Amino acid sequence: MSGKAFARERLIRFSDCDPAGIVFYPQYFVMFNGLVEDWVDEGLGIGFRTLVIERRIGLPTVRLEADFRAVSQMGDRVELSLQVERLGSRSLTLDSRCTSADNGQLRMQMRQVLVTTSLESHQAVEIPHDVREAIERLHGRT
Amino acid sequence: MSGKAFARERLIRFSDCDPAGIVFYPQYFVMFNGLVEDWVDEGLGIGFRTLVIERRIGLPTVRLEADFRAVSQMGDRVELSLQVERLGSRSLTLDSRCTSADNGQLRMQMRQVLVTTSLESHQAVEIPHDVREAIERLHGRT
Amino acid sequence: MSGKAFARERLIRFSDCDPAGIVFYPQYFVMFNGLVEDWVDEGLGIGFRTLVIERRIGLPTVRLEADFRAVSQMGDRVELSLQVERLGSRSLTLDSRCTSADNGQLRMQMRQVLVTTSLESHQAVEIPHDVREAIERLHGRT
Amino acid sequence: MSGKAFARERLIRFSDCDPAGIVFYPQYFVMFNGLVEDWVDEGLGIGFRTLVIERRIGLPTVRLEADFRAVSQMGDRVELSLQVERLGSRSLTLDSRCTSADNGQLRMQMRQVLVTTSLESHQAVEIPHDVREAIERLHGRT
(Lines give C-alpha, C1' and ligand atoms only; values in the text may rest on other atoms or scores of the structure.)
Protein backbone atom coordinates (compact mmCIF):
# COMPACT_ATOMS: atom_id res chain seq x y z
CA MET A 1 0.00 0.00 0.00
CA SER A 2 1.26 3.42 -0.76
CA GLY A 3 -0.50 5.76 1.68
CA LYS A 4 1.08 7.65 4.48
CA ALA A 5 2.51 6.06 7.60
CA PHE A 6 0.97 6.46 11.05
CA ALA A 7 3.54 7.88 13.50
CA ARG A 8 3.90 8.93 17.11
CA GLU A 9 6.80 10.33 19.10
CA ARG A 10 7.88 8.74 22.35
CA LEU A 11 10.51 9.36 25.00
CA ILE A 12 12.88 6.51 25.85
CA ARG A 13 12.45 6.09 29.59
CA PHE A 14 14.61 4.73 32.38
CA SER A 15 12.29 1.72 32.60
CA ASP A 16 12.85 0.90 28.91
CA CYS A 17 16.59 0.48 29.40
CA ASP A 18 18.84 -2.33 30.56
CA PRO A 19 22.09 -2.39 32.54
CA ALA A 20 23.94 -1.45 29.34
CA GLY A 21 21.97 1.83 29.44
CA ILE A 22 20.20 1.16 26.14
CA VAL A 23 16.70 -0.02 25.22
CA PHE A 24 16.23 -3.65 26.25
CA TYR A 25 15.23 -5.11 22.89
CA PRO A 26 11.92 -6.78 23.93
CA GLN A 27 10.82 -3.32 25.01
CA TYR A 28 10.72 -2.23 21.34
CA PHE A 29 7.91 -4.72 20.84
CA VAL A 30 6.04 -3.30 23.84
CA MET A 31 6.42 0.19 22.33
CA PHE A 32 5.14 -0.97 18.93
CA ASN A 33 2.23 -2.71 20.62
CA GLY A 34 1.31 0.69 22.04
CA LEU A 35 1.66 2.21 18.56
CA VAL A 36 -0.80 -0.34 17.15
CA GLU A 37 -3.27 0.67 19.92
CA ASP A 38 -2.88 4.35 19.01
CA TRP A 39 -3.26 3.51 15.32
CA VAL A 40 -6.52 1.62 15.93
CA ASP A 41 -7.76 4.41 18.24
CA GLU A 42 -6.62 7.55 16.49
CA GLY A 43 -5.54 6.50 12.99
CA LEU A 44 -8.41 4.17 12.18
CA GLY A 45 -10.92 5.69 14.62
CA ILE A 46 -12.12 2.19 15.60
CA GLY A 47 -11.38 2.19 19.34
CA PHE A 48 -8.89 -0.44 20.49
CA ARG A 49 -10.71 -1.05 23.77
CA THR A 50 -14.04 -1.54 22.00
CA LEU A 51 -12.42 -3.89 19.48
CA VAL A 52 -10.80 -6.06 22.13
CA ILE A 53 -13.21 -5.90 25.07
CA GLU A 54 -16.63 -5.50 23.44
CA ARG A 55 -16.13 -7.03 20.02
CA ARG A 56 -13.68 -9.66 21.37
CA ILE A 57 -11.33 -9.33 18.41
CA GLY A 58 -7.64 -9.88 19.09
CA LEU A 59 -4.64 -8.95 16.95
CA PRO A 60 -1.95 -11.49 17.84
CA THR A 61 1.37 -11.46 16.03
CA VAL A 62 2.05 -14.66 14.11
CA ARG A 63 5.35 -13.71 12.53
CA LEU A 64 7.90 -10.95 12.77
CA GLU A 65 11.29 -10.05 11.41
CA ALA A 66 13.23 -7.32 13.12
CA ASP A 67 16.55 -5.61 12.47
CA PHE A 68 18.25 -3.60 15.19
CA ARG A 69 20.43 -1.02 13.47
CA ALA A 70 21.52 1.41 16.18
CA VAL A 71 21.01 1.72 19.92
CA SER A 72 18.49 4.02 21.61
CA GLN A 73 19.42 5.48 24.99
CA MET A 74 17.49 6.82 27.98
CA GLY A 75 16.21 10.33 27.24
CA ASP A 76 16.23 9.87 23.45
CA ARG A 77 13.13 11.04 21.63
CA VAL A 78 12.17 8.51 18.96
CA GLU A 79 9.52 8.36 16.28
CA LEU A 80 7.62 5.11 15.96
CA SER A 81 5.83 4.66 12.66
CA LEU A 82 3.86 1.97 10.92
CA GLN A 83 2.73 1.41 7.38
CA VAL A 84 0.40 -1.34 6.12
CA GLU A 85 2.40 -3.39 3.64
CA ARG A 86 -0.26 -5.98 2.88
CA LEU A 87 -3.93 -6.31 3.75
CA GLY A 88 -5.15 -9.91 3.50
CA SER A 89 -8.53 -11.37 4.36
CA ARG A 90 -7.62 -12.47 7.89
CA SER A 91 -4.18 -10.97 8.34
CA LEU A 92 -2.25 -7.80 7.74
CA THR A 93 1.45 -7.09 7.43
CA LEU A 94 2.86 -3.99 9.09
CA ASP A 95 6.17 -2.36 8.28
CA SER A 96 7.23 -0.52 11.45
CA ARG A 97 10.21 1.67 12.18
CA CYS A 98 11.79 3.37 15.14
CA THR A 99 13.92 6.36 14.19
CA SER A 100 15.58 9.14 16.13
CA ALA A 101 13.20 12.11 16.36
CA ASP A 102 16.27 14.37 16.34
CA ASN A 103 18.16 13.22 13.27
CA GLY A 104 16.08 10.51 11.61
CA GLN A 105 18.67 7.77 12.27
CA LEU A 106 17.06 4.34 11.87
CA ARG A 107 17.20 2.46 15.15
CA MET A 108 15.02 -0.57 14.52
CA GLN A 109 12.82 -1.89 11.74
CA MET A 110 10.23 -4.64 11.82
CA ARG A 111 7.94 -6.55 9.50
CA GLN A 112 5.09 -8.05 11.48
CA VAL A 113 2.16 -10.22 10.46
CA LEU A 114 -0.94 -9.81 12.62
CA VAL A 115 -4.00 -12.01 12.43
CA THR A 116 -7.49 -10.98 13.47
CA THR A 117 -8.77 -13.63 15.86
CA SER A 118 -11.77 -14.33 18.00
CA LEU A 119 -10.76 -13.95 21.64
CA GLU A 120 -13.28 -16.67 22.46
CA SER A 121 -11.89 -19.37 20.18
CA HIS A 122 -8.37 -18.01 19.50
CA GLN A 123 -9.15 -18.84 15.83
CA ALA A 124 -8.56 -16.48 12.90
CA VAL A 125 -11.55 -14.52 11.67
CA GLU A 126 -12.13 -12.16 8.73
CA ILE A 127 -10.82 -8.63 9.26
CA PRO A 128 -13.98 -6.72 10.24
CA HIS A 129 -15.44 -4.61 7.44
CA ASP A 130 -15.10 -1.27 9.27
CA VAL A 131 -11.46 -2.01 10.12
CA ARG A 132 -10.67 -2.86 6.48
CA GLU A 133 -12.38 0.29 5.22
CA ALA A 134 -10.59 2.45 7.77
CA ILE A 135 -7.22 0.96 6.76
CA GLU A 136 -7.92 1.57 3.07
CA ARG A 137 -9.05 5.12 3.83
CA LEU A 138 -5.92 5.91 5.86
CA HIS A 139 -3.25 4.05 3.97
CA GLY A 140 -4.76 3.80 0.47
CA ARG A 141 -6.01 0.78 -1.43
CA THR A 142 -3.50 -1.85 -2.51
CA MET B 1 4.59 21.68 51.24
CA SER B 2 1.52 23.47 50.02
CA GLY B 3 2.18 24.24 46.35
CA LYS B 4 0.48 22.69 43.37
CA ALA B 5 0.84 19.08 42.30
CA PHE B 6 2.61 18.01 39.10
CA ALA B 7 0.28 15.94 36.92
CA ARG B 8 0.18 14.11 33.59
CA GLU B 9 -2.50 12.10 31.83
CA ARG B 10 -1.82 8.61 30.57
CA LEU B 11 -3.74 5.90 28.74
CA ILE B 12 -3.93 2.46 30.36
CA ARG B 13 -2.56 0.16 27.69
CA PHE B 14 -2.99 -3.52 26.85
CA SER B 15 0.58 -4.10 28.04
CA ASP B 16 -0.21 -2.60 31.47
CA CYS B 17 -2.92 -5.18 32.14
CA ASP B 18 -2.97 -8.72 33.47
CA PRO B 19 -5.17 -11.74 32.70
CA ALA B 20 -7.86 -10.24 34.95
CA GLY B 21 -8.02 -7.35 32.42
CA ILE B 22 -6.91 -4.74 34.97
CA VAL B 23 -3.63 -2.96 35.63
CA PHE B 24 -1.06 -5.41 37.01
CA TYR B 25 -0.17 -3.62 40.24
CA PRO B 26 3.65 -3.43 39.79
CA GLN B 27 2.90 -1.51 36.60
CA TYR B 28 1.61 1.43 38.69
CA PHE B 29 5.14 1.84 40.00
CA VAL B 30 6.52 1.82 36.45
CA MET B 31 3.99 4.54 35.54
CA PHE B 32 4.94 6.66 38.56
CA ASN B 33 8.61 6.19 37.74
CA GLY B 34 7.80 7.78 34.39
CA LEU B 35 5.96 10.59 36.15
CA VAL B 36 9.05 11.33 38.26
CA GLU B 37 11.08 11.55 35.02
CA ASP B 38 8.59 14.00 33.54
CA TRP B 39 8.58 15.99 36.78
CA VAL B 40 12.38 16.31 36.78
CA ASP B 41 12.36 17.16 33.06
CA GLU B 42 9.35 19.41 32.69
CA GLY B 43 8.31 20.37 36.21
CA LEU B 44 11.74 21.10 37.66
CA GLY B 45 13.46 21.83 34.35
CA ILE B 46 16.55 19.89 35.48
CA GLY B 47 16.75 17.19 32.81
CA PHE B 48 16.40 13.63 34.07
CA ARG B 49 18.90 12.26 31.58
CA THR B 50 21.49 14.88 32.53
CA LEU B 51 20.93 14.22 36.21
CA VAL B 52 21.36 10.45 35.88
CA ILE B 53 23.85 10.06 33.05
CA GLU B 54 26.04 13.14 33.30
CA ARG B 55 25.77 14.11 36.97
CA ARG B 56 25.50 10.44 38.07
CA ILE B 57 22.77 11.17 40.62
CA GLY B 58 20.22 8.42 41.21
CA LEU B 59 16.81 8.64 42.89
CA PRO B 60 16.20 5.18 44.36
CA THR B 61 13.10 4.51 46.42
CA VAL B 62 13.88 3.48 50.00
CA ARG B 63 10.35 3.20 51.32
CA LEU B 64 6.83 3.23 49.96
CA GLU B 65 3.29 2.75 51.18
CA ALA B 66 0.58 2.21 48.61
CA ASP B 67 -3.19 1.78 48.75
CA PHE B 68 -5.08 0.35 45.80
CA ARG B 69 -8.63 1.67 45.99
CA ALA B 70 -10.25 0.81 42.67
CA VAL B 71 -9.19 -1.03 39.53
CA SER B 72 -8.04 0.59 36.29
CA GLN B 73 -8.87 -1.14 33.03
CA MET B 74 -7.40 -1.16 29.53
CA GLY B 75 -8.42 1.97 27.66
CA ASP B 76 -8.99 4.05 30.82
CA ARG B 77 -7.49 7.52 30.83
CA VAL B 78 -5.90 8.24 34.20
CA GLU B 79 -4.25 11.25 35.77
CA LEU B 80 -1.00 10.61 37.60
CA SER B 81 -0.01 13.37 40.01
CA LEU B 82 2.69 13.97 42.57
CA GLN B 83 3.17 16.45 45.37
CA VAL B 84 6.29 16.91 47.52
CA GLU B 85 5.25 16.16 51.07
CA ARG B 86 8.64 16.60 52.69
CA LEU B 87 12.01 17.87 51.45
CA GLY B 88 14.89 16.63 53.61
CA SER B 89 18.61 17.11 53.14
CA ARG B 90 19.22 13.81 51.32
CA SER B 91 15.71 12.53 50.79
CA LEU B 92 12.29 13.66 49.70
CA THR B 93 8.83 12.24 50.28
CA LEU B 94 6.36 12.21 47.41
CA ASP B 95 2.60 11.84 47.73
CA SER B 96 1.40 10.37 44.41
CA ARG B 97 -2.04 9.56 43.14
CA CYS B 98 -3.63 7.86 40.19
CA THR B 99 -7.18 9.01 39.52
CA SER B 100 -9.63 8.49 36.69
CA ALA B 101 -9.26 11.34 34.18
CA ASP B 102 -12.98 10.97 33.46
CA ASN B 103 -14.56 11.19 36.90
CA GLY B 104 -11.74 11.79 39.39
CA GLN B 105 -12.19 8.40 41.11
CA LEU B 106 -9.12 7.57 43.19
CA ARG B 107 -7.52 4.40 41.88
CA MET B 108 -4.24 4.25 43.76
CA GLN B 109 -2.33 6.39 46.21
CA MET B 110 1.30 6.18 47.28
CA ARG B 111 3.71 7.76 49.74
CA GLN B 112 7.25 7.23 48.57
CA VAL B 113 10.60 8.21 50.05
CA LEU B 114 13.35 8.78 47.50
CA VAL B 115 17.00 9.32 48.35
CA THR B 116 19.50 11.17 46.19
CA THR B 117 22.48 8.88 45.73
CA SER B 118 25.76 8.80 43.91
CA LEU B 119 25.50 6.24 41.13
CA GLU B 120 29.22 5.56 41.65
CA SER B 121 29.07 4.63 45.34
CA HIS B 122 25.31 3.92 45.76
CA GLN B 123 25.62 6.12 48.91
CA ALA B 124 23.21 8.96 49.81
CA VAL B 125 24.35 12.47 48.88
CA GLU B 126 22.89 15.93 49.53
CA ILE B 127 20.03 16.91 47.23
CA PRO B 128 21.79 19.12 44.65
CA HIS B 129 21.22 22.83 45.17
CA ASP B 130 19.51 23.45 41.83
CA VAL B 131 17.15 20.51 42.39
CA ARG B 132 16.20 21.83 45.84
CA GLU B 133 15.60 25.33 44.49
CA ALA B 134 13.50 24.05 41.61
CA ILE B 135 11.36 21.97 44.00
CA GLU B 136 10.81 24.97 46.28
CA ARG B 137 9.96 27.14 43.28
CA LEU B 138 7.41 24.64 41.91
CA HIS B 139 5.84 23.26 45.07
CA GLY B 140 6.44 26.09 47.58
CA ARG B 141 8.74 26.25 50.59
CA THR B 142 7.93 24.07 53.59
CA MET C 1 0.96 -16.79 62.80
CA SER C 2 4.01 -18.59 63.98
CA GLY C 3 4.64 -21.36 61.44
CA LYS C 4 7.47 -21.54 58.97
CA ALA C 5 7.94 -19.23 56.03
CA PHE C 6 7.59 -20.35 52.40
CA ALA C 7 10.77 -19.59 50.46
CA ARG C 8 12.27 -19.94 47.00
CA GLU C 9 15.63 -18.97 45.53
CA ARG C 10 15.86 -16.88 42.38
CA LEU C 11 18.61 -15.46 40.20
CA ILE C 12 18.60 -11.71 39.56
CA ARG C 13 18.57 -11.47 35.79
CA PHE C 14 19.70 -8.88 33.27
CA SER C 15 16.02 -8.14 32.53
CA ASP C 16 15.34 -7.35 36.22
CA CYS C 17 17.91 -4.55 36.25
CA ASP C 18 17.89 -0.90 35.30
CA PRO C 19 20.54 1.39 33.82
CA ALA C 20 22.05 1.73 37.31
CA GLY C 21 22.76 -2.04 37.11
CA ILE C 22 20.52 -2.88 40.06
CA VAL C 23 17.04 -4.34 40.37
CA PHE C 24 14.44 -1.85 39.10
CA TYR C 25 12.24 -1.62 42.18
CA PRO C 26 8.84 -2.48 40.56
CA GLN C 27 10.48 -5.75 39.53
CA TYR C 28 10.59 -6.84 43.20
CA PHE C 29 6.79 -6.86 43.13
CA VAL C 30 6.80 -8.99 39.97
CA MET C 31 9.16 -11.44 41.72
CA PHE C 32 6.94 -11.60 44.83
CA ASN C 33 3.90 -12.11 42.61
CA GLY C 34 5.67 -15.18 41.29
CA LEU C 35 6.42 -16.30 44.85
CA VAL C 36 2.70 -16.08 45.72
CA GLU C 37 1.98 -18.31 42.69
CA ASP C 38 4.54 -20.85 43.84
CA TRP C 39 3.15 -20.69 47.38
CA VAL C 40 -0.40 -21.38 46.19
CA ASP C 41 0.86 -24.16 43.89
CA GLU C 42 3.52 -25.86 45.95
CA GLY C 43 3.09 -24.57 49.51
CA LEU C 44 -0.69 -24.75 49.75
CA GLY C 45 -1.18 -27.41 47.07
CA ILE C 46 -4.20 -25.54 45.71
CA GLY C 47 -3.10 -24.84 42.15
CA PHE C 48 -2.83 -21.17 41.22
CA ARG C 49 -4.09 -21.72 37.69
CA THR C 50 -7.12 -23.63 38.91
CA LEU C 51 -7.86 -20.97 41.50
CA VAL C 52 -7.70 -18.12 39.00
CA ILE C 53 -8.94 -19.67 35.76
CA GLU C 54 -11.42 -22.31 36.87
CA ARG C 55 -12.58 -21.02 40.24
CA ARG C 56 -12.31 -17.37 39.12
CA ILE C 57 -10.81 -16.23 42.41
CA GLY C 58 -8.34 -13.35 42.24
CA LEU C 59 -5.82 -12.19 44.85
CA PRO C 60 -5.40 -8.45 44.24
CA THR C 61 -3.20 -6.38 46.52
CA VAL C 62 -5.10 -3.63 48.34
CA ARG C 63 -2.27 -2.26 50.45
CA LEU C 64 1.47 -2.63 50.72
CA GLU C 65 4.35 -1.15 52.65
CA ALA C 66 7.85 -1.82 51.41
CA ASP C 67 11.33 -0.95 52.63
CA PHE C 68 14.30 -1.20 50.32
CA ARG C 69 17.38 -1.78 52.47
CA ALA C 70 20.18 -2.75 50.12
CA VAL C 71 20.55 -3.10 46.36
CA SER C 72 20.48 -6.38 44.43
CA GLN C 73 22.63 -6.69 41.33
CA MET C 74 22.54 -8.78 38.18
CA GLY C 75 23.78 -12.30 38.90
CA ASP C 76 22.93 -12.17 42.62
CA ARG C 77 21.15 -15.19 44.03
CA VAL C 78 18.37 -14.07 46.36
CA GLU C 79 15.92 -15.85 48.62
CA LEU C 80 12.31 -14.69 48.46
CA SER C 81 10.22 -15.73 51.45
CA LEU C 82 6.73 -15.10 52.72
CA GLN C 83 4.99 -15.62 56.02
CA VAL C 84 1.27 -15.17 56.74
CA GLU C 85 1.04 -12.45 59.36
CA ARG C 86 -2.75 -12.29 59.58
CA LEU C 87 -5.54 -14.41 58.15
CA GLY C 88 -8.85 -12.53 58.02
CA SER C 89 -12.18 -13.62 56.60
CA ARG C 90 -11.70 -11.99 53.17
CA SER C 91 -8.11 -10.83 53.33
CA LEU C 92 -4.68 -11.97 54.39
CA THR C 93 -1.53 -10.07 55.27
CA LEU C 94 1.80 -11.38 54.02
CA ASP C 95 5.19 -10.46 55.41
CA SER C 96 7.66 -10.97 52.55
CA ARG C 97 11.41 -10.61 52.39
CA CYS C 98 14.13 -10.67 49.80
CA THR C 99 17.53 -11.58 51.23
CA SER C 100 20.88 -12.46 49.71
CA ALA C 101 21.11 -16.24 49.31
CA ASP C 102 24.87 -15.92 49.91
CA ASN C 103 25.06 -13.99 53.17
CA GLY C 104 21.49 -13.41 54.34
CA GLN C 105 21.68 -9.61 53.91
CA LEU C 106 18.18 -8.12 53.88
CA ARG C 107 17.53 -6.44 50.54
CA MET C 108 13.82 -5.64 50.67
CA GLN C 109 10.93 -6.26 53.02
CA MET C 110 7.22 -5.89 52.39
CA ARG C 111 3.91 -6.11 54.23
CA GLN C 112 1.11 -6.74 51.77
CA VAL C 113 -2.62 -7.10 52.21
CA LEU C 114 -4.32 -9.32 49.63
CA VAL C 115 -8.06 -9.71 49.24
CA THR C 116 -9.79 -12.73 47.76
CA THR C 117 -12.12 -11.45 45.06
CA SER C 118 -14.49 -12.78 42.47
CA LEU C 119 -12.95 -12.21 39.04
CA GLU C 120 -16.49 -11.80 37.70
CA SER C 121 -17.59 -8.96 40.00
CA HIS C 122 -14.18 -7.70 41.28
CA GLN C 123 -15.84 -7.78 44.74
CA ALA C 124 -14.30 -9.32 47.87
CA VAL C 125 -15.40 -12.85 48.73
CA GLU C 126 -14.69 -15.17 51.69
CA ILE C 127 -11.33 -16.92 51.55
CA PRO C 128 -12.27 -20.38 50.23
CA HIS C 129 -12.35 -23.07 52.90
CA ASP C 130 -9.65 -25.25 51.36
CA VAL C 131 -7.33 -22.26 51.01
CA ARG C 132 -7.85 -21.31 54.67
CA GLU C 133 -7.20 -24.86 55.83
CA ALA C 134 -4.08 -25.16 53.71
CA ILE C 135 -2.73 -21.89 55.12
CA GLU C 136 -3.39 -23.01 58.70
CA ARG C 137 -1.77 -26.36 57.98
CA LEU C 138 1.37 -24.79 56.47
CA HIS C 139 1.82 -21.72 58.64
CA GLY C 140 0.04 -22.70 61.87
CA ARG C 141 -3.18 -21.41 63.39
CA THR C 142 -3.23 -17.82 64.69
CA MET D 1 26.27 -27.10 14.10
CA SER D 2 25.01 -30.50 14.97
CA GLY D 3 25.45 -30.84 18.74
CA LYS D 4 22.74 -30.99 21.32
CA ALA D 5 20.48 -28.12 22.24
CA PHE D 6 20.62 -26.34 25.60
CA ALA D 7 17.20 -26.43 27.28
CA ARG D 8 15.43 -25.32 30.44
CA GLU D 9 11.86 -25.69 31.66
CA ARG D 10 9.86 -22.70 32.82
CA LEU D 11 6.40 -22.03 34.19
CA ILE D 12 4.22 -19.49 32.37
CA ARG D 13 3.33 -17.01 35.09
CA PHE D 14 0.46 -14.59 35.62
CA SER D 15 2.87 -11.72 34.96
CA ASP D 16 3.80 -13.19 31.53
CA CYS D 17 0.21 -12.99 30.32
CA ASP D 18 -1.97 -10.30 28.81
CA PRO D 19 -5.70 -9.52 29.07
CA ALA D 20 -6.36 -12.30 26.55
CA GLY D 21 -4.93 -14.72 29.16
CA ILE D 22 -2.02 -15.79 26.95
CA VAL D 23 1.67 -14.93 26.88
CA PHE D 24 2.16 -11.32 25.78
CA TYR D 25 4.47 -11.90 22.82
CA PRO D 26 7.34 -9.55 23.86
CA GLN D 27 7.57 -11.66 27.00
CA TYR D 28 8.87 -14.59 24.91
CA PHE D 29 11.95 -12.50 24.16
CA VAL D 30 12.42 -11.78 27.87
CA MET D 31 12.22 -15.53 28.54
CA PHE D 32 14.77 -16.32 25.81
CA ASN D 33 17.04 -13.61 27.16
CA GLY D 34 16.98 -15.51 30.44
CA LEU D 35 17.75 -18.73 28.57
CA VAL D 36 20.84 -17.14 26.99
CA GLU D 37 21.99 -16.14 30.51
CA ASP D 38 21.54 -19.71 31.74
CA TRP D 39 23.32 -21.03 28.66
CA VAL D 40 26.33 -18.76 29.23
CA ASP D 41 26.33 -19.62 32.96
CA GLU D 42 25.54 -23.30 33.01
CA GLY D 43 25.93 -24.52 29.41
CA LEU D 44 29.16 -22.74 28.54
CA GLY D 45 30.40 -22.32 32.12
CA ILE D 46 31.58 -18.77 31.35
CA GLY D 47 29.53 -16.78 33.86
CA PHE D 48 27.13 -14.27 32.36
CA ARG D 49 27.68 -11.71 35.12
CA THR D 50 31.47 -11.92 34.74
CA LEU D 51 31.16 -11.59 30.96
CA VAL D 52 28.95 -8.51 31.13
CA ILE D 53 30.11 -6.72 34.28
CA GLU D 54 33.81 -7.57 34.54
CA ARG D 55 34.79 -8.28 30.93
CA ARG D 56 32.33 -5.65 29.61
CA ILE D 57 31.18 -7.84 26.72
CA GLY D 58 27.57 -7.44 25.60
CA LEU D 59 25.47 -9.75 23.43
CA PRO D 60 22.96 -7.47 21.70
CA THR D 61 20.54 -8.90 19.17
CA VAL D 62 20.97 -7.42 15.70
CA ARG D 63 18.38 -9.46 13.86
CA LEU D 64 15.61 -11.88 14.66
CA GLU D 65 12.85 -13.78 12.91
CA ALA D 66 10.11 -15.29 15.02
CA ASP D 67 7.08 -17.44 14.29
CA PHE D 68 4.31 -17.77 16.83
CA ARG D 69 2.59 -21.10 16.20
CA ALA D 70 0.33 -21.71 19.18
CA VAL D 71 -0.58 -19.81 22.33
CA SER D 72 0.85 -20.47 25.79
CA GLN D 73 -1.40 -19.89 28.79
CA MET D 74 -0.85 -19.10 32.45
CA GLY D 75 0.20 -22.24 34.32
CA ASP D 76 1.61 -23.99 31.24
CA ARG D 77 5.00 -25.59 31.65
CA VAL D 78 7.16 -24.90 28.60
CA GLU D 79 10.60 -25.98 27.47
CA LEU D 80 12.84 -23.25 26.10
CA SER D 81 15.75 -24.53 24.03
CA LEU D 82 18.51 -23.06 21.94
CA GLN D 83 20.91 -24.45 19.40
CA VAL D 84 23.84 -22.63 17.77
CA GLU D 85 23.12 -22.56 14.05
CA ARG D 86 26.16 -20.55 12.99
CA LEU D 87 29.26 -19.36 14.78
CA GLY D 88 30.90 -16.40 13.03
CA SER D 89 33.88 -14.34 14.07
CA ARG D 90 31.89 -11.56 15.77
CA SER D 91 28.38 -12.95 15.70
CA LEU D 92 26.45 -16.11 16.33
CA THR D 93 23.05 -17.29 15.16
CA LEU D 94 20.79 -19.07 17.62
CA ASP D 95 17.82 -21.25 16.72
CA SER D 96 15.48 -21.11 19.73
CA ARG D 97 12.21 -22.85 20.43
CA CYS D 98 9.48 -22.77 23.01
CA THR D 99 7.51 -26.01 23.20
CA SER D 100 4.95 -27.40 25.60
CA ALA D 101 6.72 -29.44 28.29
CA ASP D 102 3.64 -31.65 28.43
CA ASN D 103 3.12 -32.66 24.82
CA GLY D 104 5.96 -31.10 22.82
CA GLN D 105 3.65 -28.79 20.84
CA LEU D 106 5.68 -26.01 19.21
CA ARG D 107 4.58 -22.65 20.55
CA MET D 108 7.17 -20.26 19.18
CA GLN D 109 10.36 -20.47 17.17
CA MET D 110 13.07 -17.88 16.63
CA ARG D 111 16.25 -17.33 14.66
CA GLN D 112 18.33 -14.67 16.32
CA VAL D 113 21.67 -13.12 15.41
CA LEU D 114 23.70 -11.88 18.37
CA VAL D 115 26.87 -9.83 18.11
CA THR D 116 29.60 -9.69 20.72
CA THR D 117 30.22 -6.02 21.49
CA SER D 118 32.31 -3.91 23.79
CA LEU D 119 30.00 -2.31 26.34
CA GLU D 120 32.37 0.68 26.35
CA SER D 121 32.21 1.46 22.64
CA HIS D 122 29.04 -0.44 21.61
CA GLN D 123 31.19 -1.71 18.69
CA ALA D 124 31.41 -5.36 17.61
CA VAL D 125 34.42 -7.30 18.86
CA GLU D 126 35.72 -10.82 18.21
CA ILE D 127 33.93 -13.59 20.09
CA PRO D 128 36.29 -14.23 23.04
CA HIS D 129 38.39 -17.37 22.65
CA ASP D 130 37.04 -19.12 25.75
CA VAL D 131 33.46 -18.46 24.66
CA ARG D 132 34.13 -19.90 21.19
CA GLU D 133 35.79 -22.99 22.62
CA ALA D 134 32.96 -23.55 25.08
CA ILE D 135 30.39 -23.28 22.28
CA GLU D 136 32.30 -25.76 20.12
CA ARG D 137 32.65 -28.12 23.08
CA LEU D 138 28.93 -28.01 23.91
CA HIS D 139 27.35 -27.84 20.48
CA GLY D 140 30.03 -29.41 18.27
CA ARG D 141 32.26 -27.86 15.63
CA THR D 142 30.69 -26.62 12.41
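Chains: A, B, C and D, in written order; residue numbering restarts at 1 for each.
Keep in mind that, in the parts below, a contact is a pair of C-beta atoms (placed from the backbone, for glycine too) under 8 Å apart; a residue touches a chain by one contact, two chains touch by 3 or more.
Keep in mind that this is a model prediction, so the values were computed, not measured.
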item: Chain whose Cα centroid lies at the greatest distance from that of subunit A; value: C
item: Pair sharing more residue contacts (C-beta pairs) when B-C is set against A-B; value: B-C
item: For subunit A paired with subunit B, centre-to-centre distance based on mean C-alpha positions, whole Å; value: 28
item: Euclidean distance of C-alpha centroids - subunit B vs subunit D, Å; value: 35
item: Subunit B and subunit C, separation of their C-alpha mean positions in angstrom; value: 24
item: Multi-chain contact sites of subunit C, meaning residues that touch two or more partners; value: 14-15, 19, 21, 24, 26, 30, 33, 52, 74
item: In the complex, subunit D residues that touch subunit C; value: 11, 13-15, 21, 30, 33-34, 37, 47-49, 52-53, 74-75
item: Residue ranges of subunit A touching subunit D (in the complex, touch as defined); value: 19-20, 22, 25-27, 29-30, 33, 52, 58, 60-68, 71, 119, 122
item: Residues of subunit B that touch subunit D when the two form their complex; value: 14-15, 17-19, 21, 24, 26, 74
